[in-house]
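Dropping the structures in below, format is structure tokens.
Both complexes shown next keep subunit A, but they swap its partner, so subunit B is in the first and subunit C is in the second.
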Partner chain A sequence: MIGVRVTVPISCFRKGYAREYLETHLLPPPATCYGFLLSLVGECDRQRHIGCRVTAGLISAPVKSVVLRKVWRVKNPRPEARENIRPDYQELLSNLELVLWLDSAEEDRSRPTLDKRVCSTLEYPEHTHRFGGLSLGESTHLVNDVSVIKEISKLKGDLEATMFLLDARGEQTLPVWVDHVQSTNTRYVTGTIQTRNLNTLSRDEIPMIIPP
Partner chain B sequence: MSLHVYANFVTPYGTAANNRAETDGNITTLQKILWLGQPHSTVSAEAIRFSLRRRLADLEDSGTNRRWNETERTNSWEDPEFRGWDTDSGKTYIDDDLLGYMRAEAAKTEGTTSTKVRRAVLELTRAVSLTPWNGDVTFNAASPGATPAAVRGKDKFKHPVPYGCEMHATRYQYGMSLTPESLREKSRAASAIEALCHLGTVAGNQGRFLYDFSPDAVVFRLTHDPAPRILYCFESNDHGKTVSVDQLLARLDSGDIQIEELICGVSDFESPLYQQLKNRGLETMGVKAACASVLDRMSKLIGNEAQP
Partner chain C sequence: MESINDLKTIELELHAPGMSPLHRAGLGGLACTLHAWQKGMYSGAGTNWDYPFRFEIKTDSITLELSEPQQAANALQKLFEFGFQINSDGLIFLPGQFHSPPDSAFLADLQAGYLLTFLQHGTSRKLAKNESQVSHHLPDGGSWEVPVAYRKCSWFKQQSGWKDLIDQHGRFQTQPIRIDSSIYPGASIRHFAFKNQTAIKEPLKRILPLYFSLVGCLAMAVNRGVGILLVPEVKDLHEFIQQRPRLNPQHASECRVLNSADAILQAKTRVGAKLGINSVTFQPTPWALQIKSRVKTCEVAALDDLTISQFQIVYDALRPRIVALESDLNRSSSKQTTVKAFQSGYRVDSIMRSLIAENLIDRKPWYSGFSSMMSKTNPNTGRLFRDQVMYEAQGLHQLISTPGIWGRDEERLLVGMIQNAVTGLLSGKRSGAIHSARRSAPSTCGWAYEKIRLKLARTQCQSQLRSLLSQLLNQSRSKKTSSTEYNQCLAFINEDWLRCRDLSLLALVCFSGRVSEEQKLKQSA
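After this line comes the complex of A and B, so read on.
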């Protein structure tokens, strides 16, 4: 298991069913974290690292703001038809500091696993082919820092994070796979958001990325 | 293997009244977010993208695919179907190449690629004020008849309409990320950086563009690193009068950023910022010179990487 420390100056992790008031989750769902890691290593095939486990932990307490913004919806396929545009409120999180926990033990081991690729991208970025801004949330929500925490056991004993962990009787459902077109194939897992010492984290508690 | 160009821009000091938020009675409010624990005014990335597209439409000989028609208050399109992207040799436009596009009917099934969708190669971030908003409001009166919707009755066109307007005297900073080799035409990266260095007006009172977003200072970073590490690196300790980059220097000290990756531009060689950068040994020049230097270094690096 590796930890990837990420800072995001401004972000929004829009709730899947938020339509008229664009609410945000407090932390990025596993599917968002997975997409971010794929973008980091320049991988375009979403199926490439299925079986990895990933979740986000907050190091900083998120601060929420609300802005009014232009929102697009599809009423008319003609670009910029007036009925496609409406103003709406959106929640934004500022000054986010996260650790993404990534475990690749259950991935296909015959090819380089996601944790290895993340480490090698950050160690030798000149050998990685990737494109576009690296974002967590919407595309304009650029991340500022990315670095790897390789050994969790070497972390200070008092380092705690607020993270989403699997819990069959939990109160949160977050996506581990998103169907961007019709949402029928979006796959959720159930868990709780809890503050935990990072040394006590076990693999079984971290959501696994599996398509339907 | 993938060269990224990052930048963080800071505007000159000016009075912003970007009233595209909700109104509160007869007060036109500013958009604000909590930033480092205090309310700061903000301008969306979309507003900056709009202004960039407008700038490119004026600068580019072949124009842009969409161009804002001020009279009709809508876009005029050259290729609304994005047909130029169907083939490798089709005619494409700089704004689609840099800023991406999407046709609503493009995605019918998950995972299929379409020529009707293109992700932006140039990403801009939301602009955030350098100083907290301290609550400035002006009192104004619109001319009689200027806003008839705000006055009822038969005196509708006789009396002026009083209103308050939230304002913020400050600077704004925002960031950019660009991967030149992902462009259909790589030379367009230079046009984008030049346009951003001469951006002009973005966002103002009722979108009438009163605030100059051309950089007063800029930090560029050319690197293979996927993380910019320079976003929002400007600070001010004197209410926006001058700018400093303490965070950036701390990053250099920690080894996160290499000094040779950076090119800095300032508009005033007498400023404390110039001294701070120069004392640290950073390559610092005027804003236009920094832009030219980045373009020169970028073309060399892309040229080197293109060779086997």
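After this line comes the complex of A and C, so read on.
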């Protein structure tokens, strides 16, 4: 299991049903974290690392604000049509400091696993072929910096984070696989958001990335 | 998500993946409806509503079991017919929400809430063209009534929602079903040019609870254009069956709310501080005037009892009032022969309570931001907030006189000192004015008061406020202030001058009732 420390100045993890007044989750859902890690290692096939477990933990306390922004909605198939643009409110989180926990023990071991690829990308970035800005959430929400915490046991003291962890009777439901076009093939898991010491995490509590 | 077992049994789990707070509230609403149905059957009152399926309500799931798969259409039809009714007055009546059927006036107020949230689109309900009227009869007032205008409803979407949940053979639908904003407000089609591809579709196990979210949630109107949807956090279905009827407003004055924070806190005072409630505000936006869009959300988990008791004090001091219509009073006094049995009134609510409720929810001191009320304009009415706040001076005076409302001694002390100072200052002005020129007497106090208010409202920094308050306290003739208290207040100003500015203006407004009364008396004389 590795931890990837990420800081993001401004971000939004939009709730699936929020199609007007774009609400944000407090944390990036596992599916978003997985997409971010694939982007980091330059992987275009989203099925490549199925079976890995990933979740996000908040180290900082982000500030939530609401802005008015431009939103695209295709009412007219002609892309230049004016009715395709409208304003709407969006919630934003500022000054996020996260640790993404990644465990690749249950991935296909015959190929390089995601945790190894993440470590090698950050250690030897010149060997990785990737493109575009690295963002967490929307494409305009670029990250500030990324670094790896290789072993949990080496963490200093009692580092606590607010994390999404699996819980059959939890009150939160977050996607581990998103159907971006329709919603029918989105896969959710149930869990709770709890503040935990990072040294006490077990693998079974971390959501697994599996398509429906 | 588990599949439906041989199309005969369906188990709806509270904590299943994909169950959002609205889904869970909907499952709670379904549990309440089934409970009401069962209660009606046992009591013999609901003989017309025999149910053609078996059901079991556990703490975290509901199981519906049919005798035959083909019974699904009949079973769902009966369930929906019982759960979504329209009474003889043409008002939406959801039996799952009440222990016993309420007055039509309450239903009319609740219907106003539904029409601003779930059922705002013309395609989701059929309403009469002309308005009808029902009235709240106030038990304490004796001869008072509050009329509520509404349009009679003859159909709403939930009534025929069962048709979407079955296939052509009358069995449970196994394909995902499209949802729209009448069962999930805000969940619209993303791209209208590609309706089929970008509509939100849900499996039966999640869409059936969504239909009953109308029962589980509480929709309330702020005014004719703004609605608040309260979504309670359902953790235990048995517990929620007991809680849901208590969530409803109990009096005519509670049927309208000021904003989402006020709605949540009022609901919590009725149900309990531990119940988590999410709220969504719906109102027209400048870019979509024809519909009420989601413009704000608020999530409030369990609160401490102190916050609820503080809100209770605030609500008692600044509660909604029933005001008589002047024309009715005149008519009843002038023509003795046509005296009405009931005098009509309308509900007037507090402006200040909305600010205080928001502060309590945000865990700020209850008076935070009061200075903005002294300088800004109310966007809903176009009037200055401070003019409206003046009508609440008496309530505010009652509020600041209640010891339980203050978190710190310094707050109470500062307010008391400022009030003493202003009393002394204005009494000096008054007596001086009476001696010098009798004509200027009525306006002197008012001008002095306005001068202090303007100076306080325009204060921009700590040193400015400190010097202003020191000057005020020194000029006054108050002998009640000890030097220890004085120094304590100065330390408080240094610590947080913004809070002190809010408190100073609050103290001034509480005092203003006496000034305006005096002016009115003098002008009338």
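Note that in this section the second predicted complex is superposed on the first by the 211 of 212 C-alpha atoms of A that agree within 3 Å, B and C clash if a C-alpha of one lies under 4 Å from a C-alpha of the other, contacts with A are read in each partner's own complex, and residues count from 1 in each chain.
Definition applied: a contact is a pair of C-beta atoms (placed from the backbone, for glycine too) under 8 Å apart; a residue touches a chain by one contact, two chains touch by 3 or more.
Keep in mind that what you see is a predicted model, and the values were worked out from it rather than measured.
Once the two complexes are overlaid through subunit A, subunit B and subunit C fit side by side, free of any clash as defined at the top of the document.
When both complexes are overlaid on chain A, the residue A:Val189 reaches subunit C alone and has no touch with subunit B. Within the superposed three-chain model, A:Thr140 lies in touch with subunit B and out of touch with subunit C [touch as defined at top].
Contact with subunit B, but none with subunit C, is seen for A:Ser94 once the two complexes are overlaid on the shared chain. Counted by residues of subunit A touched, the larger count belongs to B, out of subunit B and subunit C. Once the two complexes are laid over each other on the shared chain, residue contacts for A:Glu20 go to subunit C alone; subunit B is not touched. In the superposition on chain A, contact is made by A:Val63 with subunit B only, not with subunit C.
Rounded to the nearest 10, the superposed model shows the Cα centres of subunit B and subunit C diverging by 90 degrees about the centre of subunit A.
Legend: residue contacts after superposition of the two complexes on their common chain; A:Val181 is shown touching both subunit B and subunit C. Residue contacts after overlaying the shared chain place A:Val74 against subunit B and subunit C alike.
Of the two partner chains, subunit B is the only one touched by A:Gly132; subunit C is not. Once chain A of one complex is fitted onto chain A of the other, the partner contacts of A:Ala168 are limited to subunit C, with no touch recorded for subunit B.
Distance between subunit B and subunit C in the overlay is 6 Å (nearest C-alpha pair, rounded to whole angstrom). Comparing the two interfaces of subunit A, the one with subunit B and the one with subunit C have residues 74, 76-77, 181-182 in common. Here subunit B touches subunit A in the complex through residues 1-2, 20-22, 31-37, 42, 44-46, 66, 74-75, 77, 80, 101, 103-105, 107-111, 119-121, 123-126, 128, 175, 177-179, 181-182, 223-232, 256, going by the rule given at the top.
Here subunit A touches subunit B in the complex through residues 9-10, 40, 42, 46, 63-65, 67-70, 74, 76-80, 84, 92, 94-95, 121-122, 125-135, 139-147, 179-182, 185, going by the rule given at the top.
The touching residues of subunit A, when paired with subunit C in their complex, are 16-21, 23, 66, 73-77, 86-87, 89, 168-171, 173, 181-184, 186-190.
Residues 15-21, 60, 176, 184, 186-194, 197-203, 233, 235, 280, 285, 287-288, 293-297 of subunit C are the ones touching subunit A in the complex.
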